[in-house]
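Labels A, B, C and D are assigned to the chains in the order they are written; within every chain, residues are numbered from 1.
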């Protein structure tokens, strides 16, 4: 125990552990999500549709949070991590490390999707990797808007959908609100994304996560699709699902705090309301301690 | 703490907090719900069908209750609030304030659905906002019955489906019945609405909530659809999904109480059976207190 | 309290309460289930398919158990009640009363489905209520097998699917097995029925519940379909979804007990393993007491 | 109690009990899974699609774990059992017995699927049991790859998808991670398989379980499909969904341990992190004891 309470170990090893968890969590998210797009697209809709894509992204989020929730808080999304920084639930200096781990997870998942569906890809497009047109497959990895959606509308779409995500994440994890049990939260966050896919997936395929969009986009640019994933729409699109979600996450955090958070009695600080975002922030480097503190804290609400 | 126990603060601030929560909750409900209708309709069924619409409404209800459940009880529906008034779970004087917050939430959600899908709308109907016909889009916001459904049948449909909703909500929140954990309840209420969408969505698109129907209808009347949303069927339809749900909610509350509630032992009063509908009604203005009282009340059942 | 411990009240009022709960629970099951079949059939598949039917039956089971679980154990199926009698979880003398309440719930639900969809029915079949052929609508209420399914195969199908249901119900409620929380159990039972609808719904529409099949069949015979619902296949079919589920429920109970139940240590009696099927059987006529006894019984496993 | 603590009884009877549980659990998994494939295939897609197949496999996993989780840990998959052996969660000597029980469960389920769908099979293929071609039905039982998928790609597909499964299973059951309640875990594991079916079902129908693939394959070889289920692709395919999942399960266990497991504080041993895989391994032969030990162990985290 002692070795985990020293400043050094708190910084050195827990952060490594948190990075691995965010890496694996984002890997699972992109694997399940993009895998379902691959299955639907490469089967020309015979083995997948909007329902399978939505639910599979939900499974990806749920498993991503399950695998990392007890270690790093289960952000698996740089935009969510940014919102947590602004809420004081993640130290700013950890943000770039988290984001890097998330992008790497998304990139590795892209590689595996390519490997697992390599024969199906070749069968589908005859080896010509296209970004646009009837045989386009780049949409398996990164997101591209409908032809009729303007950059402005697409940007608003990303901001709005990510704000919805963050509002719901904060509601789920605010321990003074509806109080889902710790183990139910990953499913509920996944369920939220199912809804986003079904209600806001039409315009631009609900990226709402830069690690799920930019990392796979870089992969496609490296893996045979050339510069098209970035030059699409005269280089005016690729930044939208990167900047939009960050702005949306901040908006969502502000909305939740304005509508719910600031109205709690004064003594409910953000630190009090949310469990520590990462296990090491709880001061002992392990979740077990965090749980004990909840149990032994007479002021804490009973979570059931 | 003390400042929250004073009569003034109990009335002034908790009600404001509850209104914001109901506002945000109804906003989420209508956003996810109407968003999924927009996605299915504007993609001409290629990116949505009855399954996505049903599940997305379920997500909307679940997130709406998650975001407001710990603050205001998570009604997000004036008809449900009315039933709570009749059961003594909401003070009558709060009802108009709750309802107003809910209608405003529904209206704001309508605005955002319009903004997010503005390019898709223009592509779909060429800028001609129609309420009837093959290019009609008003159904994204408010509900319209099938041509063969009479006003009487449509009214009965609304009464019946809302009664089902309220019966299930009371069963889920009655702490002497099956006792889902606090955090599971929002999902279960959402799941109920999934079923209503799948079983009673054909006749008139399962409004079952005036804030989800009237507020978006007013929006469409303001935003380019003209008087048609109200003059549809010679002004005989628009009131049905407003009056019907209120009547249905009362019916549902009566049915649950007659079949289950009144048969509990006498000492189980309504106050005893249900958690306070709003946190301020618990006497301390915060949920944490409410939880403590449950824990410290030796007569209360153990909720697991 | 005292008045509920007297023999008289234990018999008189709790049984009435249990009957109302089973009545309302079965009403909800048949309402959601048959409602979804009506929506899919009357819209000619445009507003429903096998997915909506399966999930809506799942919602029906979940809500049916939620509304009655804390009162009567949530059987909402005479075949399940019979299995509970054989396991000693329901007194034999209560069985006919439970079954009657369940059949009445199924019948009343049939009436409401007819009323809610009366205009759609007339539009679909022009007022000619048919049991067979392209405009047949009797299948909204009762189940009819595929033309190629023999009586023997259909009977086996009903026995098998009901056995699956009961095996799963016993696993969910056996407190020494996987221990879902009380509030999760209704959802899990509903989820099982979703699977049965998706895997064993082809042959004969997964009745697996006499109250969901015979009561609606009687309704159709009274409401304009004439003798056909019973004379279908020379009067050789209608008894199959009545007798088959009873036999299947007994088979399922035997299989679970043989594979799991009898292998628990001897001191785990059936009474010990399962919570009392009905609240009155717990000796105090209310669930709160049952819960207390669990909590205060040091030998009982911790349910989380 | 004493008789269960003796070495003999601990070995003799608990193992029998665990085998029966694994047998019944695998039976349920294959029954729901293959039943849904039969329904979709034999109805030519009118009563099933990729959505119903995915969800029904999810129900099969959920019910399989529910029925066996409290007895044997709910592996219902020889590859998962192998991973548990490597993690020290299952004694090696139990592995062959578990695997045998799982294969027998899969085989018996295959028999029942055949019996339940015998008339539908004859109607579909006229009695000619085919493994390839438009009337092929062998795919109801065992898995066959798409024509364009090479053996190497198919093998990688099986390794990858099974690794995903095991990563998620370990995350769900690791009590220092996100901590779903015991009763929620079966649903979450089923939900993971829903995602795998939707994202990695295209190449080779997501066997990811030798007991779900080899046992049904043997059945088809015995039941009229001749040698084709094994001679398919010159005897080069049938071993892929047997060997691949074993390798994938080991890979998944290694990945989870490398990314999460080894980073927990040293004092968290594997024995400490996971509940005993089988009830008898907990030292008392019943789950109730296991639970007590959790409760009385002051070092254990609080599971809620």
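By our rule, a contact is a pair of C-beta atoms (placed from the backbone, for glycine too) under 8 Å apart; a residue touches a chain by one contact, two chains touch by 3 or more.
Everything quoted here is computed from the prediction, not taken from an experiment.
Colleague: Taking all residue numbers at the chain A to chain B contact, is the shared part over half or under half, that is, same or different?
Modeller: different
Colleague: Superimpose the Cα trace of chain C on the Cα trace of chain D, which carries the same sequence, then give the rotation angle to the nearest 5°.
Modeller: Between chain C and chain D the superposing rotation measures out at 90 degrees.
Colleague: Could you pull out the chain whose C-alpha mean position is farthest off from that of chain C?
Modeller: It is A.
Colleague: State, to the nearest whole Å, the distance from the C-alpha centre of chain A to the C-alpha centre of chain B.
Modeller: That pair's centroid distance is 28 Å.
Colleague: So what's the Cα centroid distance for chain B and chain D, whole Å?
Modeller: Each chain reduced to its C-alpha mean, chain B and chain D end up 40 Å apart.
Colleague: Mind pulling the chain C residues that touch 2 or more other chains?
Modeller: 51, 181, 184-185, 187, 304
Colleague: Please classify the inter-chain touch graph. Allowed labels: line, ring, star, complete, other.
Modeller: ring
Colleague: Which pairs of chains touch one another in this structure?
Modeller: A-B, A-D, B-C, C-D
Colleague: Going by the contact rule at the top, pick out the chain D residues touching chain C in the complex.
Modeller: By the definition above, chain D touches chain C via 1, 4, 13, 16-17, 20-21, 23-24, 28, 31-36, 38-39, 42-43, 46-49, 51-53, 55-56, 58-60, 62-63, 65-71, 74, 112, 115-120, 122-123, 181-187, 190, 285-288, 291-292, 294-295, 303-304.
Colleague: Per the contact definition, I'd like the list of chain B residues that touch chain C in the complex.
Modeller: Listed in rising order, the residues are 50-51, 54, 146, 148-150, 153, 156-157, 160, 164, 167-168, 171-172, 174, 176-181, 184-185, 187-188, 191-192, 194-196, 198-203, 255-256, 258-260, 263-265, 267-268, 299-302, 304.
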